[in-house]
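Following this line, the structures themselves.
Next, two complexes with subunit A in common: one pairs it with subunit B, the other with subunit C.
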Partner chain A sequence: MKSKTSLPAVFISPSMIVLAVLAFVPTVFAINIAFQDKQLSSEDSHYVGLANFIALFSDRRFLNSIVVSLTWEVMTVVATMCIAVLLGILMFEAASARMRNILSVVFLIPVLMPRVSAAFVWKFAFHPLFGLAVYPYKAITGQPLDLLANPSTALATVAFVDVWQWSLFFSVIILHLLESLPHEPLEAAELDHARTWERYAYVALPMLKIPLISLTFVKMIESLRSFDLIYVMTRGGPGIKTETLDMYAFSQGFIESGNISYASSMAVLMMVATTIAFTALWKRVHA
Partner chain B sequence: MARISCSHVCKSYGPLEVVKDFNLEVEDHEFVVFLGPSGCGKSTILRMVAGLEDISGGTISIDGKVVNDLLPRERGVAMVFQNYALYPHMSVFANIAFGLKRMRVPREDIERRVHEVSAILGLEALLERKPAQLSGGQQQRVAIARAMIKTPAVFLFDEPLSNLDAKLRSHMRVEIARLHKRLKTTTIYVTHDQLEAMTLADRIVVLRAGLIEQVGTPAEIYGFPRSRFVADFVGSPRMNLLDVTVGEAPDNKWALSTGHETFLVERGRFDLHRGMRAVLGIRPANLKSTSPDIRLNGLSGIVDLVEYLGDGVLLTIALPGEPARQVTALVPAEAAPVAGTVVGFGTPPEAIHVFDAETGKSCRSAYLGAAEVGQSMRDAS
Partner chain C sequence: MALHNRLSVYLSGVLLSTALAGSAFAQSCSGSIKVLAQTRDGLTLAEKYKGEFEKLSGGATFDIDYLNENDRRAKTKADASTVGKYNVYYIDEANVALFASSKWIVPLLDYYPKQYDYSDFDPGRQKVATYDGKPWFAPLTGGGDLLVYRKDLLEKAGVQPPKTLDEFIAAVKKLHDPANGVYGIALRGQRGSGANVWRWMPYFRGFGGNWFEGNTPVFDSDAAVKATNTYLDLFKYSAPGTQTGSWDESVGAFLSGQVAMLVESTPLVGLALDPKVSKVVGKVGYLPPPTPLTGGGYGHGLAIGAKANKTEQAKACAGLFIGWVTSKENEQRRLDADQFSELNRTSIMTSDGFAKKYGADLGKALADTAKVTAVNFWQDPQWPDLGDHWGIELEELVTGTRKDVKGSLDELNEFAKGLMAKRKS
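Coming up: the complex of A and B.
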């Protein structure tokens, strides 16, 4: 139906303009200064072309942060989805309706916590001397266990907190998705000699393919924005072992050197890379 | 091939008892239909046989083996669901092959058997399609193929035709009948459609509120309903039921009087007593047109509604008296009167059914009842 009046446009345009300003002005500003040599400490700046971008690719810390970011992304997304699916199925199989409701509420609590508070809670839980989570190790071996200071465990430990927050929440969503499925195909599979795991692997989960993919995308986007969690728990440390792209950009721009242009060029690169990656994935999944 | 035996089976959800003391023996090769209105427990019994519902009490055995605690896949049963229950993300081929794959049947065997089964059901051209691209009838054929391919000992059908339109339903009914003739697999078929029950069944089990009302061949169920409920539920158009009071009549007969009409029946045929309140039943097809001033074994009234059915016409006739009573009669189309006409209908006394008004049970004498059933079975065969 084609509208004859311009009334919809009148109502929509103010909010669209506000949104456009909020979204595009900082983006354009960031792109603009990515091509300059702007410092936090001085007002004047010059255009330096692609110098910042070229410098990035010989910066070992930048290359390290790409690896950390990718590891982080894969680790958190895969772990969250696997645990959520398993927990969801477990609740669907084993819990009574009443138990499901109770668990759903309990499992929602972590994700309701602001991430900074969750980070502080767990940082304290992992404290080598007072931490509850590492207390058993200390009690048994007499040695303190500092997971966050150990280069080989730091990233996984931070990832654990992220997975704790999101996988429990997703398991509740998956439980409700399973509940929304028609019973009959699952019963038919039961009569078709399918074992329990086969019923889920071949019937229930494929029937939930689209919502599961959407959940994965949500988690992928969410995992990209885990700056606050990492910042509170490790600040990128030990060394640069947990320094993701956004951590590194932040420290280049505001903490260590105040090199705003260099940081912006990283942000721009990240934006372009994620846009391309997500568009490609989305197209592939919905092909 | 297998016998199914249910003894003292009951099912309750908390305090709600949906199946009460259900006893039934299904013979090898037999096609048994559970017939009853919604909520009578027929699907629940079927699902208990399949293993999809726990059995609250009693035992179910298949081929002599108690299956109460066996998983569905260990019972050797296959089931066809009302809404097909196909796996929506799989092709028709994968749907049919799913069970065999889970049973670790070699790939070549699966291919061969899927092609055999799809040839029988005319699905060969559809094997690559997804269920959503099929019509309802085709989907149900896929569901039957999926059940058939496992060569189960028992087939279970849970209202398989309810979601199809009338034409397709009668077509699929014939296909199911043909399939049973060919495979001879012991079958339990649940439906609320009496036409399906009558045409398909070797024996019909009429259920009501979790209890068996009557078990018998279609001819027995139709010809000798054991209760008012069965009489009312089976047969289309429905049996006419009139409240009567029993009186004695000469020549060793009972006089059944509605107050306006009187019907005379042989005393030996019914266990009645004087002054008893009863319900008289006559099937619409057993009312034969006669003179409007009929006094005995007949009734007269004014034609209220004329429904054209093709070969015949169904007349709804308003009978005199308060409260308003009506009966229906099936007459040949060419002899149909117009609405408003005063008509009279007579019935042969053998076609009269009598039920106890209080218990709803048939008043037919036990001995004679059995003899008549025997006669009717000889007639049928």
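Coming up: the complex of A and C.
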């Protein structure tokens, strides 16, 4: 019996060791240098205690990047899930089986595009002089529309691209989740004269609660990693209006100062904050 | 017979000296020389002659990874300071001090073959490639600024090509006609020491501004405030897309025929003359930047990486590659291929072929602008840090998320004091 139970551990151990090394070595390294004053341009470094962490809280760009990151997270997750659910229901209600298949393939294309390519395509589409997406506005008003240079629209414009990529993909998943539901509860609601929106709001979507929560978590994690999209489209601008935490950390580490320790202290804070937030959320929804 | 003998001896001598010269060039290099570079037509052209380099080096080839300017700056810094896997780095005037003082690169002339004649490069480019008295890169591009204007639009509006900044500002305002798709000017708003700060510096230096007096930063001077206000005023007439754009957006707007004039780096001329990318061919005039603006002297080029080239032989092979790519022969190929912005050697730029191809007007404008070309930036390893910091504040001012010019410069001053304090400690 004993050999039966220990065999899985034997097979799992090598991959677990590799995973542990890959996950822990960079993390320990990042934590270690977060307490130093290491610069890219110098071999020497010294331990400076909590100095980097203390400096962060008087750094206006760091404080701004927390606000931008939170706004980005809420904006992209909420918009993606709302649009995905609505589109999924719309396809389930209105499209024939053949049309659903066609739409599913079409809706998968945006998410298959590399992020950087999508960012370049949309950046050009939003160009105030040559962009296709803003051409109608220019044709009607005679005025150029520079959404990416406008402090009040830049973040939402980049978020639009993120939502475009992910909401269409999620709508396909939601369509297939709806198709997998048993028909009886929906038919019973119909017999009780429930309106269409009521059938979904009170019957179908509550039945899909667990997969929808999982999708929301996937999107939350994905939204935290939108560095490439923002970097290509705005580089954190105008000014610092779209500078997220990862953008700012990269900027401090590799673009401007070479302040590797300062950048690492941001990364460590991000890691701690996201671990706590995700654990709390996960426990709450599974309570 | 005597003549025949003399000729034979002479020919033998020539052959022998050629063979010796060849052996001086020839190296026993092998493998692939890895190059991290910014996209340049001149390098793409050189890739077509890989076989030539392979033969010259005794068997080595080369692979070039290309990135755009900002990404190239970030990645070269990251690679050189950590793993150092590239044998050759593309660096520029803004980061040569950092690379050299950090010992990420080695002094170029220790490994640059003498036959390729480094002294033939334009003196201005040699100057910006020099730090601590030694040249660190061989130029691939460089120069200063030119005022490039649309002759047709100026003639139609009855405006004389401006020679002073006051005339320039008046002309920008007069030519600005967005209703008809023409914007007075195109500037750079995007953050960066090589982006918005680069275009702002000629105003700052032209108005008499200095970065430091001794070790004390003096950005909060009247000159800096005046320069910033002038730059921001001109932005009211700058083409859409340039508020958060850099070279690409600014030059793109001009080449598409939507900008009346701009002061930009000299490679713009090559693009403006190229019918494949320009709608303004034949409509463009050139002048030095309006007085008192200084031209922004700059240079980009190739340097020998310290970490990847562990042995003297490896450094020599990297040096041979740089020598070959920047050789007069390759530069002649670039001239033949109409790559104006890729020309750096005095012998090429003063050649009959150059004059025939680009005309006397451009030659005169280049000669005139050389007189006002200056090193506008702070030649120091901490320049990227300082310049990029100001770049963000300037972008905020341009896009209206920050209003207080003097307060911003005071903040920059404090930041610079912090940099100097760190240096002392």
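Everything below uses one rule, namely that the second predicted complex is superposed on the first by the 277 of 287 C-alpha atoms of A that agree within 3 Å, B and C clash if a C-alpha of one lies under 4 Å from a C-alpha of the other, contacts with A are read in each partner's own complex, and residues count from 1 in each chain.
One rule holds in what follows: contacts are C-beta pairs under 8 Å (C-beta built on N, C-alpha and C of every residue); 3 or more make two chains touch, one makes a residue touch a chain.
Predicted model only: the values in this text are computed from it and were never measured.
In the superposition on chain A, contact is made by A:206 with subunit B only, not with subunit C. Between subunit B and subunit C, more residues of subunit A are touched by C.
In the superposition on chain A, contact of A:133 is made with neither subunit B nor subunit C. In the superposed model, A:42 makes contact with subunit C only, not with subunit B.
Judged by the touch definition given at the top, the superposed model places A:144 against subunit C, while subunit B stays out of reach.
Judged by the touch definition given at the top, the superposed model places A:86 against neither subunit B nor subunit C.
By the touch criterion defined above, A:257 lies against subunit C but remains apart from subunit B after alignment on the C-alpha atoms of chain A. In the superposed pair of complexes, A:240 makes contact with subunit C only, with no contact to subunit B.
In the three-chain superposition model, subunit A touches subunit B and subunit C at no common residue. Remark: subunit C residues 70, 73-75, 77-78, 81-82, 98, 101-102, 178-179, 189-191, 239-241, 243-244, 252-253, 256, 258, 381, 384-385, 388-389, 392, 395-396, 398-402 touch subunit A in the complex. The touching residues of subunit A, counted against subunit B in their complex, run 182, 184-185, 187-195, 198, 202-203, 206-207, 209. Remark: subunit A residues 40-42, 61, 127-130, 142, 144, 146, 148-151, 234-241, 250-251, 253-258 touch subunit C in the complex. Contact residues on subunit B toward subunit A in their complex (touch as defined above): 50-52, 71-73, 77-79, 81, 83-90, 98-99, 102-103, 143, 146, 150.
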